[in-house]
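So that you can tell them apart, the chains are marked A, B, C and D in the order they are listed, and the count of residues begins at 1 in each.
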């Protein structure tokens, strides 16, 4: 990998900024949409789904590299119009695949991000052209490309002058027949150890089946991916391509609703969007938050009791520590735009319950100890 | 897959109980230890590490199937003694690999779980023997076995009379050279869709390199795995086998400390063990919990403000809803062994802050609206 | 491959002798028979086919390692009887697969060669047992074994004391779905560069389809294989296993009839057997030989004319060279048990025709030259 | 494979004619040359080698798709000149790879055959362009393309209007590390069963190592390939790319010298060219032919003796059969431009020796029979 002159690991990970969206930062970026652009209505509905789910980028292919010459080859310029219009309606960025010089020329000034597909990962002439434009490039890993070859393909773009490359793992070809390809989540870690570029994951093309998208998306985030590229279609059963792997709008939104907590668990962030919240959906969200708060309070009390086990009864209350904690939490609340007043009001109560709980616990233990001693 | 007569999907997922440890339940089961048992001390230290990390099961190979006849072949019966002793010291269960009828006979009454390795996945005679004993079997997926073949191998054990099979994904052979094998996390989901058996993941053998274990372990949990089998060694640099993929004790414990929150993010549980907590480590845990509580309170306030946007100023306070919420949370607290009193004390405060925040927000909006209207 | 202490390349290639059959010598050894032994009649018919085709070794599985526990598992001891009886009837050697210690014990004193199948290639305990017997072992390459791993598996047998190992390439697992496995004929050359052991090829399991067996068998010989292991069944349509890849008796015999000339083309030998030749089949063979002789005579005359082009007209006849050639050919004839008298009679005629042809040719060229010069 | 509307199997196999060279006919077509065009001298020497070996087509890349952007990318137009000049010098056809629309445009009117490389096999836009020209296209199989995908890629060219597609198997990506790729010779048979197109084989890129080229080339012919594409370089050690897999001129010519007999063994033809034969090399060829004739005569006598075993002593001579044979051979000789006179002179001698041999044999057998009877 000596040839990773520009793509190789450097002091800081690269982030790519497009119209206010940062790829490679703390936030997980969700991209969604259908495999192929089919109609104006289909794209409008898809964009609505993506927006509701908190997605930032709308995808849709208008030039489709298809295995058979007799398969649908994409709507071309007409489809591009539908994609752009739908993205604009929902204030989303948009990405589409290019397959050669003319298609690149057609879309370069119109879309926000350009995708080079797995089949063209080693179409070096296309990579060089992609290196001469000023738009971020999503470079999908070839079906049987090693990670080294993938990074060198990225290097072609970088070496031609475009530093905005986003790597996308989308499954490799193996002997396993139950999935279309085998999603290689190790590739996320390996690519990040060799390169400073952002890495996203496309579970849809890897799995080729709808039922695995949810678990693989969460796994991708846990593995360190910076974003997800997921297929969704208003009516997968009627999709002209890749229907079986496309999520329904409901599935897409539900999945998005579950990603935030996974992102948080690995110190990343994702916010499910849901523009046009209803009172009902907002209350469901509050209920979920409340449940987590209660669980955390329960966890806290358990740990606090263990702390108590290590202290003398008369040392259970530790006001110095309480003050320190309060100071820190007030500071944290301010950072998160939470009124410090609420912290100041509820934490003394939480401390007090902790102390009471420790004392009760110690007394119970003492009693049990005595009880045993007398037997 | 018509031949999955016993292993096929049924109404409920199977759980396997061994001396109080439940595999396949809500809790993620962590298994750890060295590839090969080398000495009494090595095993004692490994067991201590596993225990501290919250692991439930100690692994260690005493019969090693090695590619070359001139590689270390395991300590056999002597090593078994070290494994058993170390597990006993830390009150852990233990698992070891068998490679033929004699090795199975030797260990069957001594260890808690028996492992059949990837190279023996289609050693059908061994599978049949494993089907005649009354111990859980961890069945590793063969290097190039399809998921269908793996499940049929499990079926051999089941059909011979032993229902306690735990499937273990450990990477498949592909063209990619940067990892020893390619961890196929789709296999977790596929195996669970076809079979009721628990599925665990061994990221160590898949990656063959230490630096990917953390991200792959988290990804495995996010993908739905029921447990992890991770190699750790008191001194990986001196391990007789698989040193480069073994975590140091510190790395193992640190990783375990990060798994709980990932498990929780997909509605599973894992508790990092740390027998012999110090005041310091407990306080670090409390601090982490407090931070999460504050973040959740901040999230809550944001959603509450959105709710406010949808209500008339005089309808902001909704006591009916508050009562309902309180009732639910009190119930939940009781379930989690948290005193309901604390909920009853702090939630009214949280409600009140929410209402105040909604009102402030609405007034600010009105002002802005007026301001704009007059321009 | 430092661990190939016994299997590594040495000055001479090893040959393995079993009751007069030499594996690894000049002769290509054909082994044939059904996947599974089914009945006495089936084996008798199979043995007859193998014998007619010039095969030396009858194969037939009595212990079948099957992917599903509910598939036919072999006739065991009963089947062994059928195999032995059929081999005896046709004076063939026989080979069968063993799958564990008991099956090895059962067959070791009865069959001539023992096979260890692909799924057991890394069943190291079985390899060690195979190393302790005094029978040749056919070691099939594992489905996803590298050549290095295969040779190290052989090393297990060698290191345990049995030097008679025959390597068998039988296809590896790849992504290609049109064949059951992908026959890796490079493996023949690579294994022979790293090891002194004989290497045979099983095209039947590799292809999994009858129609490719002929071309792959010839390719295997051209690639340097020392033998072929080919499935044939009296009635493939009714075979209990592997019917689609089994040749009919007619196809097997026809293929064998085409192998001799391929073997000869790479300086190897194979004689299609056909015990009980009919006058008709013998005459067909003579016709084929005659056709080749005529073609060679035609080739000879063409080269001889080119030689003539390089000589002065009066130097065309070169009696010294003729004597040398005659001497050599007489010697060669004696070696091949051909009467030298026939050579002494016909070669002067061949020489003479050659000279006449050269002269005629030269005169024609001169005429053409003059013709052109005068234009 | 319903989409093989134009490429699918039809009544007759297609042949492709280019300036008197027929690809897909009885003759095996040898193509050779360096991976990359480097200089005028290198190409002249390569062309000389190819010509001497009986090759018909000179290859040499001037646009090189290289994994790294920092590797040599080809000499472009300058290199094209060297290739054309060298081919012209030796009266060879030439082939070069194109990588995009501009490179195709540059070479289309100059070279005889155009190659689309493995990495561009699914560059559908390039395939469509290749379908609009009137030059044969060599379409290499992608590294991880199934045979079905490869044929559909060919269908793109056919469907765009160019019927002259030559398929080229060049190895697929597998887990085996000892060869660069795994040559899939089954693909020759499978492609020919699904399609009427000619199929050639490139063993150089598959093996990636010089030592396997000879055996794989022969295996390819035995497997049914219509031609070979083999790398040769005047000085492989100094080649800018693919040196380790390039044959030296001597190796290339020697290999070619061995291909004819292999081709003949599967009813195909190949003539090693050797323009500028020396007396010595011609005599070596004659010696080889003579050796084959003697061996065939020996074979003939063996079969003739078996025929004798089946006849009464007084019926050994069968003049009717002899006349028939003679008639056929005379006819055959005429076809092959061999003087029938020689056949008429030597065959009576061969018949006579056959008869004598039968008689001697029968008498010996009788004696032995009597001898045994009296015991």
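Simple rule for what comes next: contacts are C-beta pairs under 8 Å (C-beta built on N, C-alpha and C of every residue); 3 or more make two chains touch, one makes a residue touch a chain.
From a predicted model like this one, the values you see are computed outputs, not experimental measurements.
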Selected interface, A-B versus A-C, where C-beta contact pairs are more numerous: A-B
Rounded Å distance between subunit A and subunit B, as computed from the means of their C-alpha atoms: 21
Cα-centroid distance, subunit A relative to subunit D, in whole angstrom: 53
Inter-centroid spacing, subunit C versus subunit A (mean Cα positions, whole Å): 57
For subunit B, residues that touch 2 or more chains besides their own: 144, 173-175, 177
Graph class of chain-chain contacts, one of line, ring, star, complete, other: complete
In the complex with subunit A, residue positions of subunit C that touch it: 144, 173-175, 177
Subunit A to subunit B touching residues, read off their complex: 144, 146-148, 172, 174-179, 182-190, 193, 206-207, 211-212, 215-216, 218-224, 261-262, 264-266, 277-279, 282-283, 285-287, 289-304, 306-307, 310-311, 321, 325, 328-329, 332-333, 336-339, 341-343, 345-346, 349-350, 353, 357
Sites on subunit C touched by subunit B in the complex: 3, 5, 65-71, 99-101, 103, 119-120, 122-126, 143-144, 149, 152-153, 155-156, 159-160, 173
